[in-house]
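Two complexes are shown next, each including chain A; its partner changes from chain B in the first to chain C in the second.
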Partner chain A sequence: MQKKWLWILLLASPLLAGAQDAQIPPDIQKLSARAKETVEVTMDGPMLRWASKFLSADDPDEERAAKLVANLTGIYVRSFEFDKEGAYTSAEVDELRSQFHSPGWSRVVGVRSAAEGDNVDIFFKLENDKMAGIVIIAAEPKELTFVNIVGPLELDQLADLGGEFGVPKLDRKTLKHAEKAEKGEQK
Partner chain B sequence: MKSLRIVLLILSVSTLAAAGDNEFRGVVHAIEGHYSIHHSHVPLLGFAMWFARPAGISGVKLAMFENFRAHTDSEDVSRLVENSLGPDWHPFVRVRTRNNGKDQDDSNNAETTLIYVSPAGGKLRMMIVNVESSEATVVEVKLSDRSIKGWLKEPGEKAQDHHRSQTSD
Partner chain C sequence: MTHKTEIKAKIDGVDAALKTALCRQSAPEGFADQVLARIAAQNLAQPPERRNSWFSLFMQPILTQPIFIQPVVRWAALAAFATAMIFGVYIYNIRREHAQGEAAKKQLMLALRVAGSKLQLAKSKVNDMNTDPTRHVKE
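Showing the complex of A and B:
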């Protein structure tokens, strides 16, 4: 009987571990061992709610940012910088992307720059036809950034959030792609 | 008269530091207990901070650990710090740098900065734990409004700046 419980615990442990840190795919953490520098930003719900109250209503930019983050559950950024190109493989990035090819998620942007080797993918999570989260995967030859914004957020707000709270700024081209895709989804 | 004022100033700052928060002492004791080391006393730290306090911070508490030779892993240190901090503290930023030219799997060659925050009202307390192969520091500070806004805007960049200033010494 004791052995049975031991087996159940052993089998369930990866699931429990995944549930604890569901905002960050476990595979991405492996890249940290190969990266020259790893930066992890974690802003959970209580911290974001506090930040939204702290930011001033007198400053239009701060007021906009405060409204944005007040309803979010979390912002999680993982950024890896490598010594040389090829430190991570395209298969590893594909594997990461594949985790968001599941029900409830849709990829709205996939920008590929053959010249510079920069690739950006944006995935939306929809719940009851409303945006419930955004994942951004930005892969450059010597850098990989993963962003998970959990909570209700509109696409135009993503542009406002760029450069704030550790969320990288997205270029206009990428945002235009996303806007077009979003309109397509709504039709 | 001037020397009396200086003595009073040192005593008042030392008293404030001694009456510091339990969390700071908890983290320091946790590191001391886990790695069997003692933090070094920094003579006249309070006095020095009075004159050379970085802009936008106050209530500095600092503990330094030298000859820190234990096998350290950033995950271990994170767990240790998180277990000693209360539920009011949140993980905020973690920066990990691998030393160039060294074995990438050897965690002794990594330098880690862990930053936890405790927001309350209009105040933000920050606990910064920096661990290198031979030394570690624990710093607690209170941030001014302007500093808080800077950290909220660019937490990664601010933490990288702090991490580089610690690791380039």
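Showing the complex of A and C:
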């Protein structure tokens, strides 16, 4: 009887692995061969729980992170930095986006910047009118980033995510300041 | 004359005795088997040569100390040694788990930073759109 279960587990393991990989589009892995630098983070539920045990309550960033990941079931990141522009095609990015044009997903932000070539898409997964996940696809000239956060996420936590964790908050004032500084350097 | 005959008789006697003593005689039956059996018995009786193990090299000088002659002390020392070993393994596992946890935490913070930076990028682009209408935004 035990052997039977062992066989079932062995046969089902590729299916289980496939189910886990579904959080990351399979085609995106192809880009790592062309990338200069690759960031890969794959954290499923148990791993998140375990990692969050090591987050310190004394550190404000880590405290916020602990609250944020408390109800999440997975965080998956693939970020590729390339040597030169055009290392990936727009068709590849479209293919990536098309996987989230399905029921349950809605694109809440889509930015196309002709000047800088930065394209950012943000998709929300809604379940019973509640956010159950977020996918960010950021295609920059020399960088392509895919982020999939699985699990319930509060909007205020999302705001935290956008403005904390060592990332400076960007608003018009800071942008103008940055532009002035840039112009000053050019002079 | 008599002296000569006496000497000759003695020489003949010695000669005869030598001939008798040195004459070829076959070994008694089963002699070879007896010899082999005796050799085998001797080999069995000899204890095998003992090698100096690491235990005898390092522990023998300690265990032969007068304090360790008592079995209670020996057992106590063994128990202390075993406890130290178990504690050492426990500490090692805790440290290893902590190192793995710290690595997982770094991965988590990295993931959140990447996600945060891309949200910031989107946010800044959306803000830009409000000032620059030539860009296309869908929100």
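Details
In the analysis below, the second predicted complex is superposed on the first by the 130 of 187 C-alpha atoms of A that agree within 3 Å, B and C clash if a C-alpha of one lies under 4 Å from a C-alpha of the other, contacts with A are read in each partner's own complex, and residues count from 1 in each chain.
Here is the rule we use: contacts are C-beta pairs under 8 Å (C-beta built on N, C-alpha and C of every residue); 3 or more make two chains touch, one makes a residue touch a chain.
These numbers were taken from a predicted model, which means no experiment stands behind them.
By the touch criterion defined above, A:Val77 lies against chain B and chain C together after alignment on the C-alpha atoms of chain A.
Applying the stated contact rule after C-alpha superposition, one finds that A:Val120 touches chain C and leaves chain B untouched.
When the shared chain is aligned, no partner comes close enough to touch A:Glu154: not chain B, not chain C.
In the superposition on chain A, A:Thr38 contacts chain B only, with no contact to chain C.
In the superposition on chain A, contact of A:Ile136 is made with chain C only, not with chain B.
When both complexes are overlaid on chain A, the residue A:Trp50 reaches chain B and chain C alike. Once the two structures are overlaid, the count of chain A residues touched is higher for C than for its counterpart among chain B and chain C.
Applying the stated contact rule after C-alpha superposition, one finds that A:Asp27 touches neither chain B nor chain C. On chain A, the patch touched by chain B and the patch touched by chain C overlap at residues 39, 41, 43, 47, 50-51, 54-55, 62, 77, 79, 163-166. Touching chain A in their complex are the following residues of chain B: 90-98, 100, 104-105, 117, 119, 122, 124, 148-149, 152-156, 159-160.
For chain A in complex with chain B, the residues that touch the partner chain are 32-44, 46-47, 50-51, 54-55, 62, 77, 79, 83, 163-166. Chain C makes touch with chain A in their complex at residues 98, 101-102, 104-105, 107-129, 131, 134-139.
Of all the residues in chain A, the ones that touch chain C in their complex are 39, 41, 43, 47-48, 50-55, 61-62, 65, 68-69, 75-77, 79, 107-115, 118, 120, 122, 136, 138, 140, 145, 147, 149, 158, 161-172, 175.
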